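Take a look at the structures listed below.
Look at the two complexes coming up: subunit A is in both, with subunit B in one and subunit C in the other.
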Partner chain A sequence: MQQFLQAAVIGVSLGAQYALLALGFTLIFGILGVVNFAHGGFYMLGGYVAYSCVSLLGLPYPLAVIGAVAATAALGWVFELYFLERLIDDHLATLMLTLGLYLVISTGSLTVFGPLAMEFHFPVTGAFHFGSIYVPKENLVVLVICLTALAALWAVLFRTDLGRGLRALADDRAVAMAQGMRPKLLFPAAFALATGLAGLTGALVTPILALSPGVGDPVLATSFLTVILGGLGSLGGAALAAFIVGMVEAYTSVYFGGSIGALVLFVLVLLLLVFRPTGLLGREVRGA
Partner chain B sequence: MKHSRTPLAAVLTLFTPLALSIPLDLAATAAQAQSCEVKVGAMGPMSGGAAQWGLAMAGAAELAAAEVNAEGGIAIGGKKCKVVIVPYDSKYTADGAAAGSNALASQGIKVIIGPVGSPEATGIKPVAARNEQLAWNAAYAKNALEPKFPLMFHIAPGPGTWSDAMVKHALQSFPAIKSVALVAPNDQGGTDIASVDAVAYRNNGVTATEEYYQRGTTNFAPIITRLLANNPDAVDTASSPPGDAGVIVKQLRLAGFKGPIGRMGGPGTEEILRVCGGIDVLRDFYWFETVAETEKVRDIDNLYRKLVGKEPPGGTALWGNLPAARLTMKAIANAGTAEDASKVAAELRKLAVDDPNMGKGVWSGQKQYGINQELFFAFGVGIIKDGKNLGVTRMEPGT
Partner chain C sequence: MFRKEPVLGGAEIAALVTMAAAFAIPMITKNVLVYSVLNQALVGIVAAQSVWIMLRMNLLSFATPAFMAIGGYTVAIAGRYEITDAFLMTALAFLLPALAAVPLGALVLRLRGTYFVLVTFVLSQIMQLLLFESESLTGGSNGIAGVPAVTLLGTEMMSNRQVLLFACGIAFLATVITALLTRYFRQHFAAIEENEILAESLGLVVWRYKAVGFVIAAGIAGLAGYSLVNMLLTAHPSSFSSESAVDFIAYTIIGGRGTILGPIVGTALLVYATNLFGTHGQYAQGLYGILILAVILAARGGIAGTAAAAFRRVRG
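Moving on, here comes the complex of A and B:
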């Protein structure tokens, strides 16, 4: 029973992190129709910016996190405006551009920071122990920030003109543009929002786990898996799928081991694609 | 007239370019002598989680080449040729190493320093044999060497050679260990090491269980929950990459595990310390150190700065790889070619294992692999107890 509860604690913690990543990933696909292969790169960059702010500039960690969000959002904005925008309807070109950006970010990080993991730690350490169940304090802090960020994202998308504009473009770009929506402003904004979320996750999670030039690779795989499960382009689906992935990963790894855990996740996605190709909450045709 | 001019024209046609070509050829030969180059490959993971090991492999090749070049180059066919290292990122994968062998072969490269990991060694062996290339792998795989691949050499022995001595030494420092859980990636780079380590533990009366994870795992909390369900006295991170091992240590301590943590696998203690949060978090730790550190061994880093002009890649892997690269340069010089791998291998086998920095070693491998093409120098066993680093004990070959 204790093992069961411990797995639940781990699953929720993993799910919150995956949700932040997957929401950004699916936001970009839903609004721009772009599969962002640089998403793991923005996660990694968020970690490195936060690390640089703390270690090189001596900033307090909360400011470093804000700096990481600002830097990754700014890079996302510039990249969308000057590179993606020109080829936005060419899916192969945008795929290659984002993949290229990921290679630039990862190789650049390797060149600047070296191949070794950085000495970068979360300011809050320790764990609450309830018998043999433990809840790391740092995970609790990250969980609260993640849930707040998710709520803020929901508010932006569903309670502001910006969000309404973004959703309108996602639903039907031609009609939205005819109504006065400006893709040249809204597309970079959506991309910046998504990359800022990836940067936020990187700044929060890398000091808990590890920060090295390879940390973006598994992030991309997990984000991709999560949004496919949730339905590409579906925000609610991504959030739901993130917690399902977190729980499945936690329970299968605890009860069947690390190898089987990864396998179960892929089998689950495979079965879903066979029986429900649009994912949990995805639609059959993307409007944009 | 026309008839008489034709032979003259023919003679001129034949001899003018020939006459012109003589000085041109001479000039080309002189230029070749000046720009004579010997290309040697360097292979290993140069990006991703194991990049430190691949960069150390390339660094060792670069340093050995820089030493030779500082003396004017390598003597081949009466000429002094500059050694140029051609690096290849094999990404710690079998297909990466196989592709690397082909890519280097396409440039006419027949001698390779590297690759590093077990998946890479598995990938490169048949392809390098087909390409008639000599290669050095640093893998701890059970089949790192095989008699059917006589052009493959091995940089350092695997756990089959040193794990028993390691366990005995660890048990002297941590006698309360009666059970251990080994954790490693679920590919050949993990299973070949952890399973051999487990046998060494069992042979010394310690109950050993093995737990494997998917390479690329970033959060080990579920695996740690599973590990700790068996209440092991110690956890051994075996050949988990140092970054992974650091996270495992951090999360083990967060979960309340207070026992010793071992590492009978690849190098990386510095990185583990950095990732986990320092020596107070690590607290009780025993590890296999590929190189028994001395002042002379540490000098390699300064030599690297001086000759290569860069900061060394960090860790001890550069030190461990350097003797193989140096011996290869000697073997190429003795063979008088870098294009005939069999000749270079024959010369390599004749060389005594005596490195200016690492000291004397031996050729080994006959017992474990059936082929005596493995370098074996003194290794070390490091101990951290109660948060204090007690240093690395030197263990001679055959200990």
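Moving on, here comes the complex of A and C:
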């Protein structure tokens, strides 16, 4: 029982991280129709910016996290406006542009920071004990911030004009534009929002896990799995799938270990593709 | 429905002549560096052609390393039983991945564009896991070392020159298959690339051509895996990582997706450029990234397409 609850705690905290990543990924696809291969790159960049702020500029960690969000969001904004925007309706071209950006980001990080993992630690250490359950404080902090960010994202998307505009563009771009939505402003905003979330996740999670030039790859793969499972472009689906993925990973690693968890997820995804190609909560998606 | 075309066009003939010319290089030099670069390029060219076949139908596939692994490990496992006959193993390295592609194709070809990309990416990740997990068959994280050399008509292809000549042969074979396939289905593939829904509504049985393309692209990838294992004399999961799919895609896009010359030119130039980085080969990925951005934004034809356009302009 204790092990069962322990795994649940790990699963929820993994799920919250994956949700932040997958929501950004699916937001970009839903609104812009772009598959963002650079998503893992933005996660990694968030980690490196936070690391630089802490160790080079001597900023306190919370400010470093904000710096990481600002930097990744700014890069996302610029990249959307000057690169993606020109070919926004060509799915394959935008996909390759983000792939090119990812290669540039990861090689850039490698050049600046070298191939070795960074000495980057979470400022809060120790653990809470609830009865016999053991919860590391750092995971708890990350979980709280992730849940707050998820709530904030929900509020932005469903309670503000910006969010209504973004969702309108996702539903039907032509009609939304006829109603006065401005894609030149909203598209970069959506992209920046999503990359900022990836940067936030990176800044929060890399000090706990690891920070090295390769950390973007598994993040990208997990984001893919999560959004396929949830349905490409579906926000609710992404959040639900993120927690499923987190739980599956946590329980398989606690009870079986090794890479069984990944295999279970892959099988889940393949089964889903056979029986329900649009994902758990997806519907017939644009051009996909 | 479609008009008759000559069996091969100018680009296909140029590609075949180029690949035939590659046989001459091992005959005129013994330079180890040239051998190494050429051998890597020959493996890459075959893999890039597999990517290119799918791109003809506007499908970007990350599954190439997965099918390469099937072909490569087939050869390595057969080597354990002293089965090294070149013709038999070439046939198996092509057929087994192609067979595996039949059920997989039925699964993934129901998906259009974006989903197809994501799922092929996941497929190559699954293959990585399977290679690591099925230790009794694949040697797990140790891989299979000491794969015996190919036997061609009773001769063991042991020396560096013979290995390279064999790689030339595989690459030539793959180019012939790719050229014939894409030429024969040129207009079908073009119709799917241009507008799949329109093509379907005009009576083209789209899934049939996609399936044929996917299965043969898998076979071609298997040949690349054979060539790679034969070059390294080792089959290891790291040779078939899903990240290597990015390299093959980069070769194809940067070389140019317009004709079969694209993957050949792109692979040759990028493999050469990567070797210029020497021991810092990991930085080459940055170069690929910048070139991909440049090609997509400024020169959609890639190197081969841009060169062909410039040539046409000069000639008037």
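In this section, the second predicted complex is superposed on the first by the 282 of 288 C-alpha atoms of A that agree within 3 Å, B and C clash if a C-alpha of one lies under 4 Å from a C-alpha of the other, contacts with A are read in each partner's own complex, and residues count from 1 in each chain.
The rule is short, and it goes like this: a residue touches a chain if its C-beta (ideal position, glycine included) is under 8 Å from a C-beta of that chain, and two chains touch if they have at least 3 such contacts.
What you are looking at is a predicted structure, and each value in this text was computed from that prediction instead of being measured.
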Partners on subunit A (subunit B, subunit C) - clash or fit: clash
Touching partner for A:Pro123 - first (subunit B), second (subunit C), both, neither: neither
First (subunit B), second (subunit C), both or neither touched by A:Leu232: second
Partner chain(s) touched by A:Val274 [first = subunit B, second = subunit C, both, neither]: second
Touched partner set for A:Ser259, first subunit B, second subunit C, both or neither: both
Touching partner for A:Val35 - first (subunit B), second (subunit C), both, neither: second
Touching partner for A:Ala221 - first (subunit B), second (subunit C), both, neither: both
Partner chain in contact with A:Gly108 - subunit B first, subunit C second, else both or neither: second
Touching partner for A:Pro62 - first (subunit B), second (subunit C), both, neither: neither
Residue range of subunit B overlapping subunit C upon superposition on chain A, of 59-67, 95-103, 257-265 or 347-355: 95-103
Doubly contacted subunit A residues - partners subunit C and subunit B: 106-107, 110, 115, 217, 221, 258-259, 262
Residues of subunit A defined as touching subunit C within the complex: 29, 35, 83, 86-87, 91-93, 95-97, 99-104, 106-108, 110-111, 115, 217, 221, 224-225, 227-228, 232, 258-259, 262-263, 266, 269-270, 273-274, 277, 287-288
Subunit C residues within the subunit A interface of the complex: 58, 60, 107-108, 110-115, 117-119, 121-122, 125-126, 129, 132-133, 242-243, 246, 249-250, 253, 282-283, 285-286, 288-293, 296-297
Contacting residues of subunit B [partner subunit A, same complex]: 46-49, 51-52, 55, 186, 211-214, 216-219, 221-223, 225-226, 229, 242-244, 246-247, 254-256, 270-271, 274-275, 277, 313-315
Touching residues on subunit A, where the partner in the complex is subunit B: 3, 6-7, 10, 13-14, 106-107, 110, 114-119, 121, 125-127, 129, 132, 134, 136, 209-210, 212-215, 217-219, 221, 249-251, 253-255, 257-259, 261-262
